[in-house]
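In what comes next, chain A is part of two complexes: it sits with chain B in the first one and with chain C in the second one.
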Partner chain A sequence: MIFRNLPVPTSVRERVTPRHLVAFGLGWLALFFVLPILVLVWQSLGIGTGEPLSAYQQALSGLYLWTIVRSFYYGIATTIVTLALAYAFSYFVVFWTSMKNLFLILVVLPLWIAYIIRYLGIQLFFSPTGPFVDLFGTDFGFLFSTRGVILGMTIAYLPFAILPIYNSMNAIDRDHIHASRVLGAGSLRTVYSVVFPLSLSGIVAAGLIVFILSSGSFLAPAVLGSSENFMIANMIERSYTELFNIELAAALSVIYTIILLALIAVFNSYVNLGEVFENI
Partner chain B sequence: MKLYKVAEQFAAWLVAVIVLSLLLVPIVMIVLTSLTPESFPTIPDGDVTLYWYSEMLSNTELMQALVTSFLVATCAAILSGIVGTVAAIGFVRSEISYREELATLMLLPLMISPVITGLAIIQFSSQADLPSGYPTLIIGHSILTLPYVFLIVRSRLVTFDDDLREASRVLGANGLETSLNITLPVISPTVISAMVISFVVSFGEFTATQFLIAPDATTVPVIIYTMLRAGLSPEISALSTLLIAIMVLGALISGAVTRST
Partner chain C sequence: MLEITNLTKYYGDHLAVEDLSFSIEEGDFATLLGPSGCGKSTTLRTIAGLIEPTEGTITLRGEDVTNLPPDQRNIGMVFQSSALFPHMTVKENLAYGLKMHGLDDEVDTRVSEYLDLVEMSGYEDHKTTELSGGQQRRVSIARALAYEPDILLLDEPLTGLDRVLREQIRNEIKQIQREINVTTLFVTHDQQEALSLSNQIIVLNNGQKEQEGTPESLYEHPKNRFVAEFVGKSSRFTGQPDDTKPSVIQNGSLTFAVDPESIPDTSPNTDGADVTLYVRPEDVVIDTSSTFQNEFDATVSHIADVGSHSEIELELEDGTPVLVEAERFPDLSVGEQTTVGFDPEDVIVL
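This part shows the complex of A and B:
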């Protein structure tokens, strides 16, 4: 089908420039995303309630402060475990197997399945009637604990770590590795002085993504943890739906987002996040 | 030396098996426990039944949620497909200052925790007097899926052959005709694949959605979460298996569409 001589006035069809298209996209985002976030920031200030900024005082004390600390602690722990597994796995796929595509498909497949379903699967695996307890007689404290939450997030975010690391490692010129071997380096020495430095950008990208996603996770603590494992996202939800304290929920959101965006800004000079997400 | 090699190979395969089991066992668990004849979700030993599927199909609340999820995901995919494609074309073809920074702005919905996005949108929608339920759900999901379309279409456009457009213009077509006859047919498989991804993301989204639902518009993931709070049951596994099937189908469609080019 060819479109010709459409009854559109010349003034319209020749005047729509790429700038207008950009403005349309950004305008949509501004109206339904940026503006709502700004309204949330305004509400967090609590102006007109008699006690402005009291929500921030509350959010930065006691239980809530601990939850913020815990979110970042869980985020860091998850990032470390995930990076270690993803690095070893990528190394295996790049250098040890000829079935690269099969392994990559199996890694990408879980990304299509909703988080809630995958977390449910993990809970089923460790549940009292599940195969793990059947086999060992105990779940070794995996369910409804810190361990369970970190294991759950590791499983959920592993593909996001494997893909950038795999890509950067796969792009390494094999001649560099041969050169290292010819010059007498063993495989461990080759990994740490050739492969590791050349795949560092993938590691940083993977670490950043996993940290962003895991520190803001709601479902992992909700499905695999107890109230003692609540993270910032759970506190925001609870302040809003149970305590009806919108100022507190908004203040927690603002504090968390500022810390996270500052972190992204620091790393953005090193890795371009657009490219990072594009690789996924 | 030889022994060392064998050990290295063994370690490499061990890591691969551990990582793949971590990724795939949870999904397999869902499918297996949906077939159990027991009243609690356990792996069936020999006896399998589809009882929990018939139970699920006769649950009107679940079926209503499936319809809602389907409608919301379809509308959100169309919306983010249009907005994301238009924005991607604009960003690739224009020379504006701060282009990279503004493009990063388009990715913000991926970086901000969905709890915050959900909270912000429901607050905004109630203050702007938007009708709750479908309109809020659809707009919210279109925002959450916008970065996917934007990224995927943009990376396709970067490899687009500009000579094709030039040829069309030289042959006398105007800007609009060139877009409709040249650009869109070339990028349409990518756009469709991006919309399928948006559909699947929207279908499974829970964290932001829990704020956006209304009593007459509840989506499947929210139902799963609510049922989960009441306790594990094979019916949840059956419903989740249905979702897995839909999502894997999405993956296959997206793969087929991209491969056909």
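This part shows the complex of A and C:
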């Protein structure tokens, strides 16, 4: 059936069915995704070490707990700033310029460059010998600080926010905007009552993507932050490669994933995500 | 009431509307009629304030509104696509315009009043995306009228509806307009809609006004060939005026008798310039026994019964088609030889 129009020997045709192809895909996923996670969860429990669940105790106390809180705090802050920038940019591209394609290329272009290069670029830009300090005489605390990490993530994840927002905004029928104006609404009121609600699905999708990416960011705090700005990914990496504490690294991963999924579930109860992703 | 003076609109190098002037009186139903791309929608949107004119002025109720934003013009507009807000209910759509006009206190009464007017009572809480095409047009009309605008603009509001629904909503629009006597400007490419709805028609072509007048005057006295061919059906002949007989137009073997006063001055009678003759289908008679000044042998080539009457197409000896509107189920068959006749007074000479 699958090979209907292809010159495939009958023997193969009879033996390979769509079921086999599905099995291959699912098998791949099971082998390299589900199985490793199960191993990771098993490791985190620390069964047989004499102190089961001690890694969870450690992960939920002191420095580690603060890192988890910081990760989601950075994630939320980055999401808010990124959405604001992406919305303004999309609005400009959709309604103000005739060179849409040029601006969209400019949005996608940075994705061709590795994150590490872009973060190092920002680091150099704010460094004491860089152009920013040359111009203003100070880096305004942007280097190796909270604002530096959030700035870096904002820049890195902006394209992922612009694309869905641009899409949903560009899909708005211009006559809805015209109708609003003729019905007596000024341009600001039209943005608030018509453009914003009709592009909300793009905003929600963009927010979710940026929040997930930034909460789990590893490179931004590593390059643009100090040890005081470490996020969960940095802690996991350090526990694993420096402290050789596999149980702790695994426990941190499990806790992080559960909190992230719980936050998305809570969010989903307010906004129907299934509907949102259908509308993009 | 509404006065357009020397309106010109360029899109880059493209001239969309050229030096257009017309005016509409209070309570009139006027139509901008023309083929697609003639500038009728551009004109309408300029009046609404959605497009800035390159030149010219728009006066509404004696006030120059040319530079006013759309929200300060007190205009009602029905869009081709309905343009109902998909994130609002029917009631919220109507309430939007009412609130913007400071009528917050009257939302409930006006919503029920105007939904009643378009026969959509009971749909207040429906989502607009759940409505059928016809229902959406009705709600859209109610939304445009609820705050009692000075003028109602309709931009091809019947596009995309099937024939029966088109006629039904067309009649409703006319009835509503009579009932509340709102000054209306309608845009369409459909001459039938224009003829049946309006008391004033402005025919546009290539951004210019071809003719302006009542449906009757456009149909019976078109000023030029474009209007004659665009408004209503007709049979079309060409020929040369005869120097010696001013009431005769010659075309090879065919001789047409016309009213000599109807020959326009712009087509000189002398140098054999071509003129075009138009005869409306209802003015042509198929009858072998009667005597007309214009009588020709013809062959029936097509018979279409459209219900109330039949549209018959015949061919003259030289192959020129002739359209006739006849009684239903005529005693004719395709290929039959017969004669057609019409009076000189019914010939439009252009």
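Please note the rule applied: the second predicted complex is superposed on the first by the 250 of 280 C-alpha atoms of A that agree within 3 Å, B and C clash if a C-alpha of one lies under 4 Å from a C-alpha of the other, contacts with A are read in each partner's own complex, and residues count from 1 in each chain.
We take it that contacts are C-beta pairs under 8 Å (C-beta built on N, C-alpha and C of every residue); 3 or more make two chains touch, one makes a residue touch a chain.
Keep in mind that this is a model prediction, so the values were computed, not measured.
Visitor: If you stack the two complexes on chain A, which partner ends up touching A:P197: first (chain B), second (chain C), both, or neither?
Guide: A:P197 contacts chain C only, not chain B.
Visitor: Does chain B (first) or chain C (second) touch A:R118, or do both, or does neither?
Guide: first
Visitor: For A:R189, is the partner it touches chain B (first), chain C (second), both, or none of the two (neither)?
Guide: The second partner, chain C, only.
Visitor: Where does A:R19 make contact in the superposed view: on chain B (first), on chain C (second), on both, or on neither?
Guide: first
Visitor: Of the two partner chains, chain B (first) and chain C (second), which one does A:S180 touch, if any: first, second, both, or neither?
Guide: A:S180 contacts chain C only, not chain B.
Visitor: Between chain B and chain C, pick out the one touching the greater number of residues of chain A.
Guide: Per-residue touch count on chain A favours B.
Visitor: Based on the A-chain superposition described above, do chain B and chain C contact any of the same residues on chain A, and if so which?
Guide: Touching chain B in the first complex and chain C in the second, residues 187 of chain A appear in both lists.
Visitor: In their complex, what parts of chain A are in touch with chain C?
Guide: Contact set of chain A toward chain C: 173, 175-176, 178-187, 189, 193-194, 197-198.
Visitor: Could you please specify the touching residues of chain A with respect to chain B in the complex?
Guide: Against chain B, the touching part of chain A is residues 2-4, 6, 8, 10, 13-14, 16-26, 28-29, 32-37, 39-40, 43, 85-86, 88-89, 91-93, 96-97, 103, 106-107, 109-110, 112-125, 127, 129-131, 154-155, 158-159, 162, 187, 212, 216-219, 222-223, 232-233, 236-237, 240, 246, 249-250, 253, 256-257, 260-261, 264, 268, 272-274, 277-278.
Visitor: Would you tell me which residues of chain C are touching chain A in their complex?
Guide: These residues of chain C touch chain A: 45, 48-50, 69-71, 73-77, 79-81, 83-87, 96-97, 100-101, 143, 147.
Visitor: In the complex of these two chains, what residues of chain B are touching chain A?
Guide: The touching residues are 8-9, 12-13, 15-16, 18-20, 22-30, 33, 38, 40-43, 83-84, 86-94, 96, 100, 102-117, 119-121, 123-125, 127, 139-140, 142-143, 146-147, 150-151, 154-155, 173-177, 180-181, 200, 203-207, 210-211, 221, 224-225, 228, 232, 236-237, 240, 243-244, 247-248, 250-251.
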